[in-house]
Amino acid sequence: MIKALYPGSFDPVTMGHMDIIRRASSIFDLLYVGVAANSNKKPAFDAGERVDFLHAAVEGIENVQVISFDRLLVDVARELGTQVIVKGLRAVSDYEYELQMAHINYKLAPDIETVFLAASTRYSYLSSSLVKEVAGLGGCVKDLVPPVVHDDIVRQLSRPHR
Amino acid sequence: MIKALYPGSFDPVTMGHMDIIRRASSIFDLLYVGVAANSNKKPAFDAGERVDFLHAAVEGIENVQVISFDRLLVDVARELGTQVIVKGLRAVSDYEYELQMAHINYKLAPDIETVFLAASTRYSYLSSSLVKEVAGLGGCVKDLVPPVVHDDIVRQLSRPHR
Amino acid sequence: MIKALYPGSFDPVTMGHMDIIRRASSIFDLLYVGVAANSNKKPAFDAGERVDFLHAAVEGIENVQVISFDRLLVDVARELGTQVIVKGLRAVSDYEYELQMAHINYKLAPDIETVFLAASTRYSYLSSSLVKEVAGLGGCVKDLVPPVVHDDIVRQLSRPHR
Amino acid sequence: MIKALYPGSFDPVTMGHMDIIRRASSIFDLLYVGVAANSNKKPAFDAGERVDFLHAAVEGIENVQVISFDRLLVDVARELGTQVIVKGLRAVSDYEYELQMAHINYKLAPDIETVFLAASTRYSYLSSSLVKEVAGLGGCVKDLVPPVVHDDIVRQLSRPHR
Amino acid sequence: MIKALYPGSFDPVTMGHMDIIRRASSIFDLLYVGVAANSNKKPAFDAGERVDFLHAAVEGIENVQVISFDRLLVDVARELGTQVIVKGLRAVSDYEYELQMAHINYKLAPDIETVFLAASTRYSYLSSSLVKEVAGLGGCVKDLVPPVVHDDIVRQLSRPHR
Amino acid sequence: MIKALYPGSFDPVTMGHMDIIRRASSIFDLLYVGVAANSNKKPAFDAGERVDFLHAAVEGIENVQVISFDRLLVDVARELGTQVIVKGLRAVSDYEYELQMAHINYKLAPDIETVFLAASTRYSYLSSSLVKEVAGLGGCVKDLVPPVVHDDIVRQLSRPHR
């Protein structure tokens, strides 16, 4: 049984994340989606909201579990017993950052492998930042985030003074 | 049981390929290493030699099987029953080409996923072309190819008129 | 009246080319599609075939004309009276090559501007080479080339000994 | 009549921006230069100053108008009746970001096209950030910003505590 | 006698920096390591600490001197009489930024040359940010920073509220 | 005394090469320009012609010597007693290839360092291939190659059947 961990900020979850979740869950026996609770950048949504959005979005995909963490990624992976870390790749700049992360994680824990999935072409331009920027200016993000959480995301991003 | 296929020219197999084979075989239950027999570029070694080198190099890794093919990659994957295609990534230019291939394969066969493994830093610069170029000029390729096939590779690459 | 020239090998025309043609023809008053007759690389289709495919594919788009040329691009642009050269951009490696070409053309003819259009995401992976490779191995290229020329392209690419 | 919109922060305007303005205004019938008033990053110059600098710099180019905006770019383009958004491209990292923006704008408003112009080689390294960094340390930015606004820009950037 | 200057934030010094220092000091007659005291980004270590770490780390390399500076880089180079600025290159994104800096420095001082050394493959993923992130989460950075300053760096990075 | 070697195909020498030669010769005490006699790609000019062009072009730069070689680069460097290999960098794709070469050379001869100089912005788009393509189509290459060899280069490139 091969278990995998898909970590990220998910601030908020996008259809690009859902594409990776769906595909990774079809490859591996069990997929943990891990929300990095305390990232350096000030998030738009707190960790609890981000986990709730994911819970709602993955409902019905049986072999997916959502967790949150605020520790070293490889320590989390070891504790969960996941041999594999899954990352999505979009642009070249993504690739370089993710490569750096994969190398340091390999150095810290050579028994855990990072595997990359390429973002589907239709989501190749999509990021959480983009969703926040477009929704913050009143643009339509209907196809960019999971339908079940769309209204909550938009409501919060269009709050004044955020 | 998750079966994966690692395709390539392997002209000839390098320590970079062996690194991917070793790591992919530790993730997946069964790993096919697939030698693309008729690639466009004129190979330095014929398909039989390339398969023989790989057979020798993977001896002792239990869940690895070497095959050769001259058809559409996704057709081979389907026939073998592999849900996963494995590719190694080194530089950014690799990444773009492999992304293009992953997208066309996804279009041709959406049920087969391509996953990428990042080359270990110590092999990040290594390619079959480099081995051929260095050995052809009389340079030492001892750490660049599997020890068991080193002498055969060097002997052939230093033949005159090749 | 702004006239533009969209040059390329079109060996053969793909849906990615058609996407650029359709969008460029909606921006500019008149769009010439220019087939580079004698490129260095040995083409799979001769210049006449490539022009014929384009003629069939652009039928119905009123402000598009297909020509072929075997001279310096900026000389052709000057003779046609086009102030603008149009190029499509896909991956980063494309971008670097096209930038180099734009700079040399600007040096040779500073009165002619090169403008770039980004390939639509759904065609971001598509190239003439890919079409030739997939069709040559018997794969389906139905969505990759204009329907009106699909059968002709496939028939020729699957000819033995090509 | 083809109208185009060249948006940016212009914080402050550089000779690189002027190069794009000059070239885009020679292609299109009317060019709006749009100052994004409220960008996320804290600007060094407020929107009024940035617009004033541009007004001074484009004086004498007849078909250019300077505006400022604080809404979704495609909404501004629609209201102005511009079918075309113009962006300048320098390095590869620029390219990836601009591609992402072009794709989201295409999704939000498929009737508006983004066209890219490559920065002239002599300005390929130039950015507003660089101007601010060099001038802030007392370096000479004479060739980097439009002569007519040079003194004002330098005076403000060398103010203590900025 | 060829003198060179290797500038950076060194926040904190890593084994990647030491690799460049060792190699540059073997090429040039005298190597200054220059700590940029006041960079825009809020550093984790103040300039005095960063200089102290470097002093300890380069002890025993005879032709290396550590300085700190808070002025335009080319002015510092001129004052020290260094004809050469040395920069290390890792990923492609590094390369583009460093190219931009090399071009502006060439414009400001054409008599001073920037030369680049490629990071050794084993340190290709290593950065000061990574050290801070990993140590801040309690991960092991033993091979990532010079042994002589390891304990001091870790002690400070694991302080709460930093 | 620091000696350096600047290797290449120089098929033919361009103003971009001359820029690197001039700048490298101002840094190092002695600069060898090394013409790779037998490269894989079929050259347009034979090794003797390429050396002759360089001899003519570097006349008057005192500390530069032109040689040709057909062996492993690091063996040549060792024999000449050069501690340093100099390479010019233009685009990102250059960078990746040159990085690969620097790493293999470091592995073969860790006592020899590769240093990179960034192409000046005005030559950033220039390559020998571009010169051949433009001149072959009758375009003007006056500013692209050293004046002293311009006529010879053009005469040969415009020969029919080349």
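Letters A, B, C, D, E and F mark the chains as written, and numbering starts fresh at 1 in each.
Quick note on the criterion: a contact is a pair of C-beta atoms (placed from the backbone, for glycine too) under 8 Å apart; a residue touches a chain by one contact, two chains touch by 3 or more.
Quantities reported herein were computed from a predicted structural model and do not represent experimental measurements.
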{"item": "Any chain in contact with chain A as well as chain D", "value": "C, E"}
{"item": "If a chain touches chain E and chain F alike, it appears here", "value": "B, D"}
{"item": "Chain separated most widely from chain F, comparing mean CA positions", "value": "A"}
{"item": "Chain F against chain B, contact positions shared by both copies (same if over half, else different)", "value": "different"}
{"item": "Interchain centroid distance [CA atoms averaged], chain C/chain D, Å", "value": "31"}
{"item": "Cα-centroid distance, chain C relative to chain E, in whole angstrom", "value": "47"}
{"item": "Junction residues of chain E - those touching two or more other chains", "value": "92-93, 96, 99, 103, 121, 124-125"}
{"item": "Pairs of chains satisfying the touch condition", "value": "A-B, A-C, A-D, A-E, B-C, B-E, B-F, C-D, C-F, D-E, D-F, E-F"}
{"item": "In the complex with chain F, residue positions of chain C that touch it", "value": "40, 71-72, 74-75, 92-93, 96, 99-100, 103-104, 107-108"}
{"item": "Complex contacts: residues of chain B adjacent to chain F", "value": "91-93, 124-127, 130, 133-134, 137-140, 143"}
{"item": "Of all residues in chain D, those that touch chain C in their complex", "value": "2, 23, 26-28, 83-84, 89, 92, 95-96, 99, 102-103, 106, 113-118, 120-121"}
{"item": "Chain B contact footprint on chain E (complex, rising order)", "value": "92, 121-122, 124-125"}
